[in-house]
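Letters A, B, C, D, E and F mark the chains as written, and numbering starts fresh at 1 in each.
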Amino acid sequence: MSEAPSPSLELPPLLVEQAVAAALDEDLGQAGDITTDAIIPPDAIGKAEIVARKEGVVAGLDLAEAAFRILDPDVTFTRVVGDGKKVAAGGVIAKVEGLTRALLTGERTALNFFNRLSGIATLTSSFVAAVKGTKARIACTRKTTPNLRAFEKYAVRAGGGVNHRFGLYDAVLVKDNHIAAAGGIFHALDMLRPRIGHLVKIEVEVETLSQLEEALRHPIDAVLLDNMDVGTMKKAVEMVNGRVVTEASGGVTLETVGEIAKTGVDVISVGALTHAPRSLDSSLEWVRA
Amino acid sequence: MSEAPSPSLELPPLLVEQAVAAALDEDLGQAGDITTDAIIPPDAIGKAEIVARKEGVVAGLDLAEAAFRILDPDVTFTRVVGDGKKVAAGGVIAKVEGLTRALLTGERTALNFFNRLSGIATLTSSFVAAVKGTKARIACTRKTTPNLRAFEKYAVRAGGGVNHRFGLYDAVLVKDNHIAAAGGIFHALDMLRPRIGHLVKIEVEVETLSQLEEALRHPIDAVLLDNMDVGTMKKAVEMVNGRVVTEASGGVTLETVGEIAKTGVDVISVGALTHAPRSLDSSLEWVRA
Amino acid sequence: MSEAPSPSLELPPLLVEQAVAAALDEDLGQAGDITTDAIIPPDAIGKAEIVARKEGVVAGLDLAEAAFRILDPDVTFTRVVGDGKKVAAGGVIAKVEGLTRALLTGERTALNFFNRLSGIATLTSSFVAAVKGTKARIACTRKTTPNLRAFEKYAVRAGGGVNHRFGLYDAVLVKDNHIAAAGGIFHALDMLRPRIGHLVKIEVEVETLSQLEEALRHPIDAVLLDNMDVGTMKKAVEMVNGRVVTEASGGVTLETVGEIAKTGVDVISVGALTHAPRSLDSSLEWVRA
Amino acid sequence: MSEAPSPSLELPPLLVEQAVAAALDEDLGQAGDITTDAIIPPDAIGKAEIVARKEGVVAGLDLAEAAFRILDPDVTFTRVVGDGKKVAAGGVIAKVEGLTRALLTGERTALNFFNRLSGIATLTSSFVAAVKGTKARIACTRKTTPNLRAFEKYAVRAGGGVNHRFGLYDAVLVKDNHIAAAGGIFHALDMLRPRIGHLVKIEVEVETLSQLEEALRHPIDAVLLDNMDVGTMKKAVEMVNGRVVTEASGGVTLETVGEIAKTGVDVISVGALTHAPRSLDSSLEWVRA
Amino acid sequence: MSEAPSPSLELPPLLVEQAVAAALDEDLGQAGDITTDAIIPPDAIGKAEIVARKEGVVAGLDLAEAAFRILDPDVTFTRVVGDGKKVAAGGVIAKVEGLTRALLTGERTALNFFNRLSGIATLTSSFVAAVKGTKARIACTRKTTPNLRAFEKYAVRAGGGVNHRFGLYDAVLVKDNHIAAAGGIFHALDMLRPRIGHLVKIEVEVETLSQLEEALRHPIDAVLLDNMDVGTMKKAVEMVNGRVVTEASGGVTLETVGEIAKTGVDVISVGALTHAPRSLDSSLEWVRA
Amino acid sequence: MSEAPSPSLELPPLLVEQAVAAALDEDLGQAGDITTDAIIPPDAIGKAEIVARKEGVVAGLDLAEAAFRILDPDVTFTRVVGDGKKVAAGGVIAKVEGLTRALLTGERTALNFFNRLSGIATLTSSFVAAVKGTKARIACTRKTTPNLRAFEKYAVRAGGGVNHRFGLYDAVLVKDNHIAAAGGIFHALDMLRPRIGHLVKIEVEVETLSQLEEALRHPIDAVLLDNMDVGTMKKAVEMVNGRVVTEASGGVTLETVGEIAKTGVDVISVGALTHAPRSLDSSLEWVRA
């Protein structure tokens, strides 16, 4: 998140193109923008700005830009506030100039992506602010919008959070059902070891201190302290004593996150970051000549 | 929305398959569910229920079912409360039985779709309830999640609302930028007429009564009354006097919608239905033998 | 359809790219153009013109251009006669200059699209000419070539026609089977009303004047007068008396369309525009240095 | 083309599924069949027949069946007249029974494929009949509908014709531009030989007898006699004297094909088979209980 | 890898379907299996066995089965030797019965997948055998066949190996270029820490003992000992002393792997497993009635 | 294969783009190159060379270039040794300059394609060298890597070989199973003739001289002499006496190919070219400023 706002190179470029092209396709159907095509001359040029109506943290400019660029390859899109940066209410986030048709037709697709992702970044930054002064990091979960996960995980990073595993494939999380099926943590880990490569971490979900005690007897990388009250969690952190990463999870809100962080946990995961964000309130304002 | 809960036939079947398959792909990556595959035997059978933690209106069971069925073609998925129906807190929505691996692996994908769509249906039904006794219908907008629009529009219908246009292609909505570019409503409609087929409706956005007066001089089908205060809107409805459909739009909330409805407008469109719903709080609960 | 021939911005750009890329793929397979690749040097440059052998109306230059551009991004493609314009027999429609390989390899794909679409535009313009002086507009139907509908509907517009609904999704057309299943028009419309948004038009198909009388008792937008003889149709138009749009349909030919138009119907839909056009007879002629 | 009508196994099954699914998607969009979904109960069962209004040769039942089956996996589709067989005017081609919604919604997609392909088969069979008694075989060209080539080539076979090369990839056809670029047939073949595998045939296009003479000096497999008058073609066939395959091409019509065949050519290729067929006139007729 | 051979549930099912369908498409093109379709009756039934000509370890039966099943949904495919098991020379691996056309047409696609994957499993098992008695595990690298990685990584597991990271996305591997660009390991790790989630492991590549010493001063999870001779590697393992995972890498062969394992490293990664396997020599043998 | 190394225009351009984009997607997943993105500044520029560690024949530069270009559209990629040319050990094959991130992230994908294809070209050129002085040409088979066939067939051509049929669709190969099912070669060819176009070659597989004698009685284009010993093959070639193309097949190795060639066969097909090549040993070496 460098000082000068610049295109994020963190999002695999093909993902951006594919998602935005599909969304334009969704909005244009087979007949296209029948209002704009009938009224706006094909060579008319326009100028507009993405303006924040309320303050927030920016995320998703790559997707907004792609929406206009796909419709007009010669569009210029200038970032005023880059991804990961705060914008004040009324602030200009980006300027776009190109075919008027492209601006009118791409507007909603650009904002549908951008406002959602900026909403996630903004909410994440609030949680991050609420744990300031502790060592806790704020993480997202897999409760993301289907088929937008890469972008939502990115928005969490833009908001100052970190990512939990991306899917079922990149880390092991042993839950109660797994433990029950295996006949105990010992057996579950025993089954895992020969099949899991040396670059995959293993986290175990526990709900009680005695489960935690059991889990810590085995070579694992992290424990997920599920739905513990703050008192129990504090004891859990002490019991772990830095041997593995500790993660607090379960119904965390902006009201409760600060106290949870004070227990000394390393990570607090918050499903609401991605399943209940308020979209950023930004819009495309036309700049008349 | 028949009495007996049944699969919705309103969602084009290929859309459901494609979206759910893509979401499973997103969660499984190339390595799959490495935790479950290592621990759960391939032929173990399990049983679980989708249970609502809070009350709400159900939408999206086709997608939840598809998530499990794609992973286990022989799964049985029984609907207890169908799409469009209310479920009470603690109520069982559906029962699913099949390979334990399929249930564990498909759970998050199923719920990510289902909870989001049910959240939209639930919010819609609140708006619908708030205008009960008036003739106003509640409609969604194009502020939907990219690439999920068909499902979110469907969820609005399940919640008792109606759909605004699906995209830029299926109805004309003339906005201020179009009118300015054309040099007035008269010219805009003049450009539209030769290009728009006889089964496409034309709606014009107006912000003032004088704009409305101008719009009504032309053969249009609907007017969008944008961001008018309730008093002005009442006058607008009187001025229209049933000649065209009237639609109220702009920052509508559950607090304001009732009063807006009393102005006599035909339709109230609410962007928040799809861009700011709370996900339904439901989860997959295991049924032990 | 501006005076200066220019790229059509009415076709969603991604649709053009995808369809042309797929068609090139269909023609190139995995081995490519084995004749040209073996004989023509990779850097040879050529020049050719698309020339009409017979007169017609042009449509589909975007697709022709895409066929060459995908094979040679630096190709220049200059339109002499734009979409929607007449070309005389022997007239040059467009000039193309670029890698000789790209011209030879892309030729058939370009012409397969272009000649078919221009054939549709040409046939449409004949129907439009045949109803000149009446208020009737010529519309296409859903009898289009599978997976080319967006382009064929566009070609109808280029030929001076208008589009009927694009699919089953963007307008309601109540046919006899629907009426029978519902137990009458009244019930059918009763079922439709709560589910159809305010920007969707409703058309009812009728075959007799008594069916028409029944239909007109309900709030609908258009009637499709199916297979009526000219005398009956005239009475139907009088009975409607401008209250709803009237559409004539069923076996319309260039011979009969003029008389049908004189009945005063608003729209005449002609399936043959898209299912039985003659391709325009144009070819790629090489310009030797 | 066995006696008992049966599914064609000649069409790669995935091609059929993909093309029909895409065409249904094109017709259903995101909202689906809004008329049928509102009026027809989800569990209503219907019965219908595909009936020919005029006589013709059947082709494309696999695609028609797929249209209904994708919408209702339990549909039964019974072939009365199989692909490649003649149907009389008024004859029943196939019977279909299943969800009424699936029948109504799939009807147009099924017929758009089926009528086009049967039209091609019918036209092909007329050409085949017109050369009866000669050794000439009727072949199609690459002037096919973009992205439907596999099906149209199949329809030509169903009509009794044979296929020319499928694309630029599966046979060499040396045209005048290639010869000019190479500096003569000798050089063109010299460039081809080291790059073309032993299972690829080489055909050379000639317009005059002297070009033919030159071509025959080289080891080639076939000559395309382009736009020769019947007298010249007869001499060409004599000059070839069975050493290579002879193909007549260029503006062949039903009126001229018989005489052309009598010149003794082996193959007559007819672009009109695929670029100018009349669709078969068949429709879906409901069978009331 | 249970005793009774059974379908692997470890491969995400959609990956298998997509890859095999694409490969069939590659082999069938648009004309299909023209030899088989012309000669074999559509309803002929056949029986065949996949037989190993040389001994090996089996992997990829899911893909072989899919090749036949896609062509004939009613095929029966019986596994005699399951994935991960040894088959002796001459041994029957699986039996398949179904439409003769499906067997002939699907044969090559099935074997192209199966023999390649079984070759990888076989080679992996040789490496695993060569390190028996040590604690070293054999891992693959990212040197896989493009677009087949999921299957090749699976084959490595079937052969008794473990997987290194699947891609650039699921673990951090800091190489010399990264360290140089960052200005030292310290800075590289400093940049990584705020951006990497708590479930992602960090491995650092070192070539010398002094680089190793430097790396071990930081909180990392693993070190990749790149191209070290056996003596140096032994010292490296001692220096690490169990604090992080040690991985040997670089030009490992069946001849050298045993000695490398004796240095005490935890993991030995072998690029040759996936970029230079010998395909298993198996074929489809017909069982005559 | 012109003197100056240049982009191959023989590979259909869309195939290259699609395969490389899919492979990048496979390596980047949803999180991208997490190591590089965290450490390397987005605007850093780097320079590197693809260097051969061992000598070989180059093939696949289009794919290597695409890997870098997709990640950085402004990359410059300069070919030093073109496809089809020999590179000595230590030789520079291509130079690439662009965003350091693009170079680091694209490296493995570029090399995974390039080394595999160059390995095939290299092996092919060894076989070609081994038959020098005879008229035999070296051909590949359908034993290719699934979904890479177009590229592998191309690499065979780059190595001086020719291609056998690309798939089941572009030539007829009658095998023993076909002959058995048809009841003899005569019947098999009888069934083929009416269905096979005039530009499709027919090859018949024979294992004995008496089968060959039988085959030669029919109008075919080529015979595949399957697994014959050299003595028998010599007699077969004499028996054929130039009437049809002769192809030797079955377990051909570098050791045996020379003697086989001396029998006078026209083509020798070698499955090992594509199913058992050694990848070229090349790597990306950084050029420090």
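What we mean here is this: a residue touches a chain if its C-beta (ideal position, glycine included) is under 8 Å from a C-beta of that chain, and two chains touch if they have at least 3 such contacts.
Note that the coordinates shown come from a computational prediction; the quantities given were computed from them, not determined experimentally.
> Name, by label, each chain that touches both members of the pair subunit B and subunit F.
A, C, D, E
> Would you say B-E or A-B is joined by more C-beta pairs in contact?
Taking the two pairs in turn, the one with more contacts turns out to be A-B.
> In whole angstrom, what separates the CA-based centres of subunit A and subunit D?
Subunit A and subunit D have C-alpha centres separated by 52 Å.
> Calculate how many whole Å lie between the centre of subunit B and the centre of subunit D, each centre taken as the average of the chain's C-alpha atoms.
Each chain's C-alpha centroid was found; their separation is 44 Å.
> Once you find the CA centre of subunit B and the CA centre of subunit C, what distance in Å lies between them?
Result: the chain centres lie 32 Å from each other.
> What positions in subunit B touch 2 or more of the other chains?
26, 28-32, 37, 41, 149-150, 163, 166-167, 169-170, 195-196, 200
> Which residues, counting only subunit F, touch subunit C once they are in their complex?
So the residues of subunit F in touch with subunit C come to 2, 6-15, 149-150, 153, 163, 166-167.
> What residues of subunit D sit close enough to touch subunit F in their complex?
137, 139, 157, 162-166, 169-171, 194-201, 203, 221-222, 245, 247, 266-267
> Can you check the complex and tell me which residues of subunit D touch subunit A?
These residues of subunit D touch subunit A: 26, 29-30.
> Over in the complex, which subunit A residues touch subunit C? Could you list them?
Against subunit C, subunit A makes touches at 21, 24-25, 28-32, 37, 41-43, 70-71, 99, 101.
> What part of subunit B is in contact with subunit A in the complex they form?
Residues of subunit B touching subunit A: 19-20, 22-23, 26-41, 44, 100, 104-105, 108-109, 111-113, 115-116, 142-150, 166-170, 172-175, 177-178, 181-182, 188, 191-192, 195-196, 200, 275-276, 278-279, 286.
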